[in-house]
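Look for chain A in each of the two complexes below; its partner is chain B in the first and chain C in the second.
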Partner chain A sequence: MTDSNQLVAKVRGLVSNQASILVGVLAVLTIVFTVIEPKFFSVATANNILTDWGSVVLIAVGQTFVVISGGIDLSVGAIIGLSGVVSAYVMANVMGYTSGTPAQDAYWPLLVGTIVSVAVGAVVGLVNAVLINKTRIVPFIATLATMGACLGLSVIFSSGMPIGGPNDFNLIAAMDYNTNPFSVVVILVAVVVAIAGLFLHKARFGLYTYAIGSNSFAARAAGINVEKHITKIYALSGALSGLAGMYVYIRLGAGSPSSGTGRELDAIAAVVIGGASLMGGVGRIWGTVLGTLILFTVQSGLIMIGVAPDWKKVVVAVLIAAAVAAQTLQKKNGQR
Partner chain B sequence: MAGEVIYEVKNVSKRYGSVVALDGASLKLHAGEVIGLVGDNGAGKSTLVKVLSGAHKPDGGQIFLDGQERSWDSPRTALEAGIETLYQDSGLAPHLTVSQNVFLGRERFVKGILGFFGFLAKKEMEHEAHRNLEEVGIAVPASNRSVSQLSGGQRQAVAIGRSVAWARKVIILDEPTNHLGARQAGEVLQIIKAAKKKGLGVIFISHTLPHVLEVTDRIVVLRLGRIVKDAPTSEFDGDTLVGTITGTIQTIKVEGD
Partner chain C sequence: MKRSVRAFAAFGAVAAVSLLATGCSSSSSTTTPTDKKLSIAFVMGAESDPFFQAMKVGAEAEAAAEGVDLIWQGDPKNYSPETQIPIVDTVLAQKPDGLVLIPTDPTALQASADKAIAQGIAVANVDTHVNDLSKVVTFITGDNADGGAKAADALATKIGYTAGKKYQVVIGLTSATATTNVARLEGFKAQVAAKYPGIEIKDVAYSESNPEKAASNVNNWLTKYPNLNGIFAIDGTNASGAASALEAKKLTGKIALVGYDAYPDNVAKVKSGIFTALIAQVPAEEARQAIKALVEYIKTGKTSVAHEVVIPNFAIDANTSDADLAKYTYVASK
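On to the complex of A and B.
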């Protein structure tokens, strides 16, 4: 083999590697936006993107498990709203910490609020699992139903108004607006994502998730309790959505019933941009992490170069379609 | 050649609504014996396989493993008792690697606290999967390759090798040579012979009668839910086997036949 052949093979290997494609896309986007609008390349923009990233990557990671197992979870956005208003209600009306609470006293109620929020999400996830396992409703419809129920419940619970509560906005602020775009909660989110990634790629929990999405019959024949594992996956997705609800609460300083509306679309977009297959069996955590980053880089960039924010949803839709089309083409080429 | 009776069903029946899928079938399998289970579509082969593998509970009849009466709640209980079943075309998860498939449901964990959380001993399983497959005569490419990258023959070899490696008593193979080329099918038959040598009882279900004639010690013919013939393979040739399956050769008296 000649040197040039080796080089070609190396380049091919690099390009066929999903992670490097995504990093490349991210780099190209950053360069293009910076060329059009030099202010794009700044700590402030990075902070904006990371803050958005934090609110969606948690539900996108839960969605990654669900999608790899061959399912889909449409309730994640609605859980953000419901868990946000329930935990705000508990903190403000049950525990008595109002929005006037000094920041240094806010940590205890915020911790309780986080537990409540995660629990609310997990319960909705369990309802999803029961609908899917016991009544054999397909995940798309089952989670569409719980999505509607959660949206309705959060409006009933909050009378349609945001519920203010205790907060420390320093938690969500950039650590240093000149040098460090990360906030405390974004770093906490990154830690949760990393742990989830380890369980997906290194532990039995992830292996069974792939096995069920790849061939549920084979998984069952190998002795895996498929229903039990599906239950755990939807509970996990719900719990992570609850955690995202708390993140959004800290961002707003209030639990708002509409705060997660439409976020399920962002999560699904991030997952498929990251290379997961909606047919199941395929997907990676870093794909989802980068997919979410690409999603918000595009959204931030478009706004900064002067595209009206109303186009955001259209762009997300186009990205989903493009990512799935790219996957289909890749598959066709792979089969030769 | 064959050892003692290892697996036996007596007089098992199974109905689906008004359809009698299995009507008083009895079968004995010895250690180190390969029996062929043949019959036309709808003869009751797959129902019998499901009863033997624990997927279906029979309506009547008894099941004995090593002389003890047993009943299977699920394939899992049969699996734990030492009965491996390879289902037609569905044995493997294509997105998983060879070793992940071999160890699926039987994972090894790393030591310590990470093992408690279910973290997998990947390298150990890869080495052992490779060794297990080699032992039953399968030259499989690297254990860490995804099954979707293997050819149809290699996949089937891995699926059977997995069953043979884990089976402690009985292995049930449902159409294992389906869709395979002549050479690949030959390899599969070699693996069946290796399983027999290990002292396992093998139940081989196939429509490909030359394979059945080549690899089995005994042939059991099902027709309309009944076992109509159970005889040493040496008593059959291609023509008599076809005749027995289709019913053009009278075997036992079947009412209304």
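On to the complex of A and C.
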């Protein structure tokens, strides 16, 4: 009797655990897609999903910090485009490396490009912070404005056309299409995400972020410099978006002004699927990591099982709504 | 919501706003065409589209050659009548002598064209047209259906099409509603049905103007269809995405890839064998002819340019001459 009670308690604990629910969702999706299309369960598919995951998880992790602090950052997608274009411009037009540069010579310009890309993102993040802190524009409008400005600037920089530059496509290819779905850049992204997770969950930085998102007045009363911390959060979100811009550059071998189109919504969807609350104060990096994985598992799966493209958006929307609803219900159960 | 859209437009249109400002100042002094320079307004679809950027180069060159002022306008990002109509209104308030309009919707922009004509402004359409062309000086467009057919030919040649055999092809679009995409798709399908019945179109997917999504679609297709023979990437965005997906999977040259739009970066990839062929439009030429027609019409009341002009698309491949490459590669405007 006691044993079975313990078991029930254990199961209940596991079910009410956010991460295990998301893992469960992922498992169910994988099984359903595999039953319909056996090719779905393959290293190649895992590589496709992880490759898509790499860029969006970076902006989604930045978005997680922002959302937990009670804000929103709509500029992340546009930063991908702008930072990619600016770093491509620097590598190709300033440093003189082209798409014809041999792969082994591409690493130095790619490193410079990464620094440029992250710097561009961080600067846009700082502009967001200034608009929010100094002019008191709400984050939604402030980041909508910088989103527009970034889109405009990336067209000015590129004339709307992709700028090709040096690259080594081996960086984005699977290490082995038969056995290992990870690519070098996906592993690097995972390391960055893990470090961000430590910052959020194990450092004072994260503590302040939760405090501000839960109650910014109380946080201020407790002696937290709220403006300063908000600045850091938006700069971090911008810098991670810049890094995502470089990731997409490596994926495409070119900086393209439209390469972040619509990604802000993917990031927000991933964060929400991951269990963060748009009201602030709630969210986990694990949730975002799995939320992004679920998003791209669905998108890959729908192509693999041959859902007509017009229906894909509807199916994705329904799945997101279902995922969020399931979590809300689970939270209610947990409170009981 | 309206306010937020305005805020977006205001901040996003850094370039467009400054252009508008220069346009205002230049045209306010050119209200009487007889003793001042003629001014031609050019309202296109979306500033961020390389197609219109390439068109701008032709428009600027012809305006300079004809000695007329060019007022270049359009929404920075959105190809839609909601954003275009107010832009046309603003431009008409500057009283240009001529208007080249690329209507984002044939019905929604009819009233704007009528209003311009009623004000005595000569109107030309480029790329797309309003429903009633009777009072429009000329309509100049590229033939997208012909481009789709040329893509089918290039693909069939690359895969060594033999009657009786089966071939698998997939098509990357940007959306279901982009009219140029639809025309190219129909042209492709019609040519396949007529000449290459063994080619089977297995799937289509949308990139939503994002090259990374285009790459993702191709990745998934490559997994689902291990015997895939060819890809038709129907616009510049899909072309970039598809090329990079094949490069990452080391399949370039093994799978036929026909793209669209001659971005310099993509043209370089024709030479290196990543693209089987690239279908190019001639946006600069379209703009040039439209401005030429309007200037002639304003000065003499008639024009040597036909009422409707269709400029065929051109297939760039590894054998294309340098002269043709120079002619068809989109040039970035500065």
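Just a few scattered comments:
Heads up, the rule we're going with is that the second predicted complex is superposed on the first by the 305 of 336 C-alpha atoms of A that agree within 3 Å, B and C clash if a C-alpha of one lies under 4 Å from a C-alpha of the other, contacts with A are read in each partner's own complex, and residues count from 1 in each chain.
Rule of thumb we're sticking to: a residue touches a chain if its C-beta (ideal position, glycine included) is under 8 Å from a C-beta of that chain, and two chains touch if they have at least 3 such contacts.
Here the structure is a predicted model, which means the values were calculated and not measured.
Model built by superposing both complexes on chain A: chain B and chain C fit together without a clash. The wider contact with chain A, measured as residues touched, comes from C rather than the other of chain B and chain C. Contacts of A:Ala145 after superposition on the shared chain: chain C is touched, whereas chain B is not. Of the two partner chains placed around the shared chain by superposition, chain B is the only one that A:Phe205 touches, whereas chain C remains out of contact.
Of the two partner chains placed by superposition, only chain B is touched by A:Gly213; chain C is not.
When the two structures are aligned on the shared chain, A:Gly281 is found in touch with chain B, with no touch to chain C.
Between the C-alpha centres of chain B and chain C, as viewed from that of chain A after superposition on chain A, lies an angle of 130 degrees, to the nearest 10.
In the superposition on chain A, A:Tyr234 makes contact with neither chain B nor chain C. Look at A:Ala221: by the touch rule set out above, it reaches chain B but stays clear of chain C.
In the overlay built on the shared chain, the residue A:Ile172 is in contact with chain C alone; chain B does not reach it.
Closest CA pair between chain B and chain C after superposition: 32 Å apart.
Applying the stated touch rule to the two superposed structures, the chain B and chain C interfaces on chain A have no residue in common.
The residues of chain B lying in touch with chain A in their complex are 75-76, 79-80, 85, 87, 90-96, 100-101, 104-107, 109, 117-120, 122. Those residues of chain C that touch chain A in the complex are listed here as 4, 7-16, 47-50, 52-53, 76-77, 173, 176, 203-206, 208-213, 215-217, 219-224, 236-237, 240-241, 243-244, 247-250, 263-266, 268-269, 272, 330, 332-334.
Remark: chain A residues 198-199, 202-205, 207, 210-211, 213-215, 217-224, 281-282 touch chain B in the complex. Those residues of chain A whose C-beta lies close enough to touch chain C in the complex are 37, 39, 42, 44-45, 47-48, 51-52, 55, 99-100, 140-141, 144-149, 151-156, 158-164, 169, 172-173, 177, 248, 251-254, 256-263, 296, 299-300, 303-304, 306, 309-310, 312.
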